[in-house]
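Below, each structure is written out as structure tokens.
Two complexes, one shared chain (subunit A), two partners (subunit B, subunit C).
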Partner chain A sequence: MHLNEIIYLDNAATTRKKPKVVYDAFDYYIKEIGASPGRGSHLLSVLASRYLYQARKTVSRYFGCTSTNNVVFTKNATEAANLFLRGYLKKGDHVLLSPMEHNAIFRPIHSLKKEGRIDYDIIPLEVFRDLKTDVLDMYVKESTKLCIITLASNITGEILLSSEINKYLKSRDIKVLLDTAQGAGRVKLSMVNDNIDYLIFTAHKDLYGMPGIGGLCSLEKLDIEPLLQGGTGVHSEEFINPDIVPEKYEAGTINMPSIWSLKTGIEYIEENMEEIIEKERKLYTICLEGLKKLKNVIIYGGEKIDKYLSIISFNIDGVDCQEVSRQLSENNICVRSGHHCNILGHINIGTKDIGTVRVSLDYHNSIQELEKFIDIIKKISKG
Partner chain B sequence: MYYLFYSTNNVFKGEEILKDNNIDYKIVPTPVKDSVYCGVCLWSDVSVEIIKDLFNINQLEDNSYEILT
Partner chain C sequence: MHLNEIIYLDNAATTRKKPKVVYDAFDYYIKEIGASPGRGSHLLSVLASRYLYQARKTVSRYFGCTSTNNVVFTKNATEAANLFLRGYLKKGDHVLLSPMEHNAIFRPIHSLKKEGRIDYDIIPLEVFRDLKTDVLDMYVKESTKLCIITLASNITGEILLSSEINKYLKSRDIKVLLDTAQGAGRVKLSMVNDNIDYLIFTAHKDLYGMPGIGGLCSLEKLDIEPLLQGGTGVHSEEFINPDIVPEKYEAGTINMPSIWSLKTGIEYIEENMEEIIEKERKLYTICLEGLKKLKNVIIYGGEKIDKYLSIISFNIDGVDCQEVSRQLSENNICVRSGHHCNILGHINIGTKDIGTVRVSLDYHNSIQELEKFIDIIKKISKG
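Showing the complex of A and B:
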């Protein structure tokens, strides 16, 4: 078996195939530039700093942010979540969460609760599905400072973002943090127009970047405690990070090759989004319809396909999800089974004790690959 | 004139503004006596008022840099 024969259907974890321009950008940076931004005044450092600015500009434009100074790079979405939540939330604050939050959000929040700093409540899914502000109101307290919403569930692919809900939260003086780790490259967003105060992203999924880079965007100048203390390249004479954005939040040498390739990935998506979405819709429909025909397959979600990313979670009645994954793997097909780092979501869809098999598609997949996948699921399910 | 920015990001935001407006400039090491600033700054002999106006129009606020003769 050659690696190029593998059918990779775990793109919600990491997109395996990136556009060629992304590989080229990474290769160019590590081979031709090599140096780090903000570290010295020699010509390669200046070039690196210029590229970093260009990358911030691309990220800022893509997410409809207000300034390049409000784009902070971190090593991934999890670090961005920890940076923001630990810096922003104060003792006595109350937080609202969507019921589909990934552990990258849920664990930092729960940990802050265990420390006695904050309290939180989980809002029912119907608030986002049916825009039920009266239900939302039942969870709002005087101390509610922040509502955290995942752009789309990494388990079912359901898109939760709603400008209307965000607008309502704004009217109640509650800030919105959107976790775009899943779906950033497939749902067009504008922080300004969609009332998103803070936004977390990661490069390695549908933005087609490399692993090892993520970030935090804010509509207004970020004024919180940094997560890490260390070298920032500015005001090196100070004993703690200087109060200068965005460098204050980026202590240590940053992952510039991945930042540069992320910029290229985003530009690729901007140029090709319509085509990418159209193909993924087609693949998603074929996969969903194929699974629906199998009598022992239980699908979680997928009722309104325009409200879903190309992610499907399912189980086969009477077969452990890990066993399904094992059998697929034996046939050179990669899917993810289990809890997908999202216990809250599995509690919400009723699969806490059993997990699910998740198949997540990408523009680079083919109909033939899905036909083989469905064929094997048919055999396992005896459907 | 040297334009010394507190943030490295703003050096390159400033550079873009000058470049887009065909202003002659250089990126140079920050003068030693001002080593508290970041490693590089902008230098230009075009009128300070013209450059300040361009920075202001493009949301590069007065308090994000200092001018050194």
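Showing the complex of A and C:
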């Protein structure tokens, strides 16, 4: 079996195929530039610093942020979440969470609670689904400082972002942190217009960048303690990180080739978004309809298809989810089964003990691939 | 001017040229595998997990560590330092530092002191240079828990590691943390034989990996609090990172293509170390002798050439170091001037206020490149 014969339907974990321009951008950077930004004033380092600035500008523009200086690069969304939550939340703060938060958000929040620093509550899904501000209101306390919302669930693909809920939160003086790890490349949003105060992103999923880069955007200048102390390339003479943003939050050598690949990935999406979304909608509909026809298949979500990314979680009645993915894998089809690093979401959709099979599609998949996938599920489900 | 006409002598910041096998390894991983390890049980994820295991094995073998499970990957040496120091040091601990520690070590340590958690002292250079355990002894306190030593200075290239000092520290029940960011690919060492309890590394310098990966090795199973909470791919159902090493310390999607490039870089070094060192010794000697002949050039170090990496820090009397690198840059030569993210070292060599010009060589440099470099320094120094 050749690796290129594999049918990869695990794009919510990492998009396996990137546009050619993304590979080329990485290659160009590592082979032609090869130097790190901010380390020295020689011509390559200056060029690297310009490229870094351009990448920040692209990220800032894409997310409708306010300034290139408000874009901090981290190694992944998880580091961005830890940097922000550890730095921003103070003793006694209360935090609201959507019920679909990934462990990258939930675990740092739960740790802060365990340490006795904060408390949190989880808001029901209907708040986001049906814009029930009256229900949301029941969870707000005097000490509520932050509400964390996932752009879209990595389990079911459901899109939770709503401008209305954010507007309401703003009226209550509660800041919004949006985790866009899933859906950043598929849902057009604007931090300014949608009242998103802080935003976390990762490169390696639907933004088509390489693994090893993520980040944090903020509407206003970030003013928290850094997570990492170390060399910042500026003001080396100071005994702790200098108070200069965003460098203060980026100690150590930055992953510049991957940043350059991310910039290129975002530009690719900006240019091709309509086409990408149209194709994925088509693939998603075929997959969803195909699964719906099978008996014994339980689908979690997918009711209003425009409220979902191209991710479907399901189970086959009486068959363990790991067994389903094992049989698919035997047929060279890659999907993910289990809890998908998200315990809150599984508690919410009632699959805490059993997990789900998750199929996550990408623009680079084909109808033929989905037909083969449905065919095997049909056999397993005896549908 | 073409980018490939540049003479790059800033390899201590980042080696610009990597062996072809390293580029190829990255390319193979990102295009053929493309999936993340530990995310799902499908065939690509299983393959990715095997590759990750192989990479840990290579790192563990190379550094003479005890187990693949004792190799933790981080985004760079700075994250590894922060993870270890924040996790390992407890209130009241006293720490010893070599006087050449990089800001990646010094700033986290100084921050911990500022927070009132620890105290530290800086040991004189003669301890490492002349193996003066009696001098070292004067700095040891009842509460001294850790001694941090840089393998080699990123300013002067001086190699500080000595088995004898580590042996003495062991006899005093003080653990050793070695920062190998500079020199990991040029100084053969063994954690077990040289009594190095903890070791920090980075890929993008003389180990010839890509930027975006570093790590921490420990002789014994690491048992500290993780720096990052988040998705670990294992035990997703737990509310905080599960107590499984090394996954506990690697929350979030790991930079697997770069890990694969690092593995390949290390293997390249293992196969070619003698040849690499021989060539670099030759280049270093030519450069050092060339600079020594020039009047007005002050060199910091280089007395016993086998005690130095191929790094030379110098100044030209009466000329600002930034002006020197500017003039070199005008001639397409890249060196780094200033403080090189290392304030302690500059205090120690007496260049705190003026910084130095640093030229750092690599196996991929040529004699012709150095001749051109010396020629320009000659003009600037009027030597």
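Simple rule for what comes next: the second predicted complex is superposed on the first by the 383 of 383 C-alpha atoms of A that agree within 3 Å, B and C clash if a C-alpha of one lies under 4 Å from a C-alpha of the other, contacts with A are read in each partner's own complex, and residues count from 1 in each chain.
In this section, a contact is a pair of C-beta atoms (placed from the backbone, for glycine too) under 8 Å apart; a residue touches a chain by one contact, two chains touch by 3 or more.
Everything numeric in this text was worked out from a predicted model, so none of it was measured.
Applying the stated contact rule after C-alpha superposition, one finds that A:S41 touches each of subunit B and subunit C. Shared-chain residue A:T180: touches no atom of subunit B or subunit C.
Once the two complexes are laid over each other on the shared chain, residue contacts for A:I244 go to subunit B alone; subunit C is not touched.
Of the two partner chains, subunit C is the only one that A:G252 touches; subunit B does not reach it.
Of the two partner chains placed by the overlay, subunit B and subunit C both lie in contact with A:G233. Set against each other, subunit B and subunit C touch different numbers of residues in subunit A, with C touching more. Looking at the shared chain after the overlay, A:S67 reaches subunit B, while subunit C stays out of its contact range. When the shared chain is aligned, subunit B comes close enough to touch A:R56, but subunit C does not.
Where the contact sets of subunit A with subunit B and with subunit C meet, they give residues 39-41, 45, 233, 237. Subunit C contributes residues 3-4, 6, 8, 10, 13-18, 23, 26-27, 30-36, 39-45, 74-79, 81-82, 102-104, 106-108, 110-111, 114, 202, 204, 210-214, 227-233, 236-241, 251-258, 322, 325-326, 328-329, 332-343, 346, 352 to its touches with subunit A in the complex. Looking at the complex, you find that subunit B touches subunit A at residues 6-13, 15-16, 27-30, 35-40, 59. Residues 37-41, 45-46, 49-50, 52-54, 56, 67-69, 233-235, 237, 242, 244-247 of subunit A are the ones that touch subunit B when the two sit in their complex.
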